[in-house]
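Here come two complexes built around subunit A, the first alongside subunit B, the second alongside subunit C.
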Partner chain A sequence: MITLCRATLVALMLAVSAIAPAYAQEKTGLKPGFVLAPGTARIVLMRPSIRVGAQSTGGMYEPNADWTDQAKENIATALAKAQTGLGNSVVGYVEPVGAGSAKVAEYQELFGAVASSVIEYQFFKGNRLPTKKRKDQFEWGLGPDVRTLPGLEAADYALFITTEDHFGSTGRKVLQVFAAMARVPITAGVHKGFAGLVDLRTGELVWLNADMQMGGDVRDAEGADKRVRQLLEGFPGKPVEAPIAAAPAIASAH
Partner chain B sequence: MVGLLLASAIGTSALAADKRPPLPTYMQAYTPTTVDERGIWMEADEDERRLRESRSVIRDTALNAYVRGVLCRTVGDDRCKSVRIYIDEIPAFNATMSPNGTLTVWSGLLLRVRNEAELGSILGHEFGHFELRHSLMDFKNRRGGSDLMAWASILVRNSGDIRYNTIGGFYAFDRAQEREADMMGFQYLTRSRYPSSASADVWDHLMGEADATAIGRKGRAQHKYVAGFFASHPTNLARATYLRAASIEAADVKPAVVDTHQAAMAKWLPVFLNDQIKLNDFGGSEYLLANLAEGSGWTTPLLCARGDLYRERGNPRDLVSAAQFYQEAIGKGDAPPEAYRGLGLALLRSQQVAEGQAALATYLRLKPAATDAALIATLIS
Partner chain C sequence: MSKKLALLAAVATLACAAPVAAGNKLIPAGQRIAVAKSAMTVQPGAEWNKLSERPGRNAETWTQDGDELNDLSFYGGIESGRPLFREVDKKNKPLPKVSATMLITDIPVLLENSYRIARDASSMAIDTIAPIQFAGNKGVRFTYTFSKQNETLQRRGEARGAVIGGKLYLVTYEAPSLYYYDRSVAAARVVADSVRF
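Here is the complex of A and B:
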């Protein structure tokens, strides 16, 4: 019994301390043929999920309220700035009070679940589903009922943004140096995020961008600008990308 | 003057006689200040946002008011006001407290406690976690331990023992906190109008139920005093023992209170019983029903639930018993239409076709808009 426990513990410790970044990369998925012409759509930004904290020496997440507040403010400013580059108007979602709020919460959760499924089962090798192996396919959605959410009647698309940062503490970084001397790879810090665009008429997820090693320190304004730029990389319908995207015009029956 | 002195002397002696440890000083609208505590409060706030929108939360005003009332009568009116209570429809015995004062009570807990005092003892325990800021201490303990393990795994050649002890230490720390919260809840209970012995009664009944479940599943009923390596709580036997000892020592004799538990639960009892029956735990459910009947007698909801329980196990003898329970419930005059459905189905399966169809017809007559009306109708024709 005790040996069993120890084996479990060792396995647990390895999982905690030496996670090799198996899928440390970024990836973008776009529904084939999807085109978002500049100046044609009204995009609503849902309440972003932003978590910022530190990573303790042992790898635990230590949530930090001040950093999270700063990040929320900085990312909102950066998004407002980036909006002009997106080619379409982006307005913040006004959360309903009362009966509708539960439904909104459900869809926030659903988007999180769908996005993590895309990341887990399509974006990165290893755990990819056989049905998601084909190239040039992107078939995910939240269901058509998403348009019935209160306050989204006049909108065309919903933009969801999630970021999570665990800044490596000094202790973690010192440990990393010592571990490197002992030839044990240890990562310091977790910086991941994803952004997705949902077509509110069909409920389809038309674009998703995920990055498991994001840049930009969200605690200051410049870093937040960089983070938002990275989150919105490959966003469909940017004016600069418009000429390229306009090529398969037939496919835009949408 | 002398009278005054005498009075003050009596006052001091009365104070000296109170051997109970003092309660922590209560601070209204406490706001965390340190980085760690503010961090875990922020996370708890986010979790509460989600919980608030959860579909399984029971928003019935009367039931919520009842639970809050019991909390207030246990920990005091000043302390209870800041707590947000969420009753979650989960058919298991549990309640949780977040660092920010979010109290979640599972419906299975409400079903199992038999009176206000037992509910108060659990709510007091949870409030104790909040007042003693256990989440913060636990967070710090785990961080310290995981730091140590990380260093040990790199600097020490064979660090297995260190890590083994540290992980054991996490759970031992949790158990110590639970025990501390048990005693804190007990302190609230001794100061309240409720008898402090209720805190041990809860665990006695839980052990009884666990035994019944084990026997019902052809297992072995056993209770240990010493908790296992990965146990987050002291064992039920240990809790029952030290709380019973404490209540014997406290020896509080209080006037009996008018207990509103049954009245408050009346509307929800059939719902919670239905959730319980679906757990496929014949032994435990049978114990629970008998335990409830000890307090209130075999009322209609209890009889109907017992009928459902026996009908779902479905041995020929169970179907006969089930039909009897439904008939008893119907005999009381306040049975819901579902009692006729249960009776009809039990009789049909006992090959008493005519009587069974008659009962089902009564069900359809009493509840024509039932969701399963079409299906039941096919059994009649």
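Here is the complex of A and C:
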């Protein structure tokens, strides 16, 4: 029975990957003309927003506090390793207390909403907004007031990171099998990852990496490393990838 | 077996609900245009995008950066006995219905109760209500704030509407309070001010 299930799952994966190209979309956006030379900027890494839970058969999200705590710890460790190799000075954000802290949380959510909008209305070509279709365009932001957050006075850029994982339950995976038979692509699990660099002088989003299906199981250290690598892939000014960052993967080139 | 059937039913529902070819349309500035499949027309002063997905049968949404960032929606003549949006869970959580005998002060209440159900607006408050002329009819203008379940992002809204000939006409604009509300509110007001029949 288990073998049968596995075989079905494999068949399903193949089916899904066959459908995938139709849904292929961009995952990185760069403001046209934006370059960040190594060693020129002070970047503040905002505290990542991390949520982990399960996805019920009906697709509902059920938060899991243990998984979320594990993921927070793993991602913090992975980021600490990664942030020294980004080409510019990256320091962790010192959270304010009181009213300032609520404001930070709200900006964190605004970043999540903006990144989701970029995915839905710019990266996904079939659904792109006509006003966002023009050539060489990547106009998104959090507004110039983001620089008024306490602790950002001396910084040039803020790096926002959001991850949200819904691990598919067995029921959800079974539903996916039946759905594939009916040629309806439904996903089992959500593995959102957004990383975005915001210019603190203007509030503009100058670089974004965003995908609804990222790799790496954030509940273990190795997976979190993989997720962070993927989040920071093509980060502007990153030495190893500097040549690649200037190459074709920018959204605006299309 | 019944589980399998339930799953198949779920799949069939999904298949029917699968989006038709998406096609968000450009709304150019300066041209008068009919909205929400109704006799209501507006004249925008700036460019907007009309989303292919409608919130309800006689409704449509315009946006500049995506409906989560700025949402200008029109409800064009919702008949008595009908809800503002498509039902989300008719059996357990039915949406409130429009009534031909509604008073203008019932309009904000209808929106609030509809949002609580259809938009997961866990905290929603109507902040101000004032009588206005809505395309020459007795109407209402109101402002509101809400946030969605599990979110701390505050959203602000401004709406105006009227019950004309027993049907509800309503224009709403809403966006996150941070940055986005102010960014498009002037453009949204130009549209709402221009409503005619």
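Note that the second predicted complex is superposed on the first by the 189 of 254 C-alpha atoms of A that agree within 3 Å, B and C clash if a C-alpha of one lies under 4 Å from a C-alpha of the other, contacts with A are read in each partner's own complex, and residues count from 1 in each chain.
Just so it is clear, contacts are C-beta pairs under 8 Å (C-beta built on N, C-alpha and C of every residue); 3 or more make two chains touch, one makes a residue touch a chain.
What you see is a predicted model, and the numbers here were worked out from it, not measured in a lab.
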item	value
Touched partner set for A:Phe178, first subunit B, second subunit C, both or neither	both
Which superposed partner A:Ser101 touches (first subunit B, second subunit C, both, neither)	first
First (subunit B), second (subunit C), both or neither touched by A:Thr68	first
Partner chain in contact with A:Gly53 - subunit B first, subunit C second, else both or neither	first
Partner chain in contact with A:Ser117 - subunit B first, subunit C second, else both or neither	second
Those residues of subunit A which subunit B touches in one complex and subunit C touches in the other	57-58, 102, 105-106, 109, 175, 178-179, 182, 184
Subunit A to subunit C touching residues, read off their complex	57-58, 102, 105-107, 109-110, 113-114, 116-117, 120-121, 126-132, 140-143, 145, 174-175, 178-179, 181-184, 186, 203
Residue numbers on subunit A that touch subunit B, as the complex places them	5-6, 9-10, 12-13, 16-17, 53, 56-60, 62-66, 68, 101-102, 104-106, 109, 171, 175, 178-179, 182, 184
Residues of subunit B that touch subunit A when the two form their complex	35-36, 38-43, 49-50, 53-55, 142-143, 145-151, 153-155, 160, 163-164, 167, 229
Residue ranges of subunit C touching subunit A (in the complex, touch as defined)	4, 7-8, 10-12, 14-15, 18, 21-22, 24-26, 47-49, 63-66, 68-69, 151-154, 176, 178-180, 183
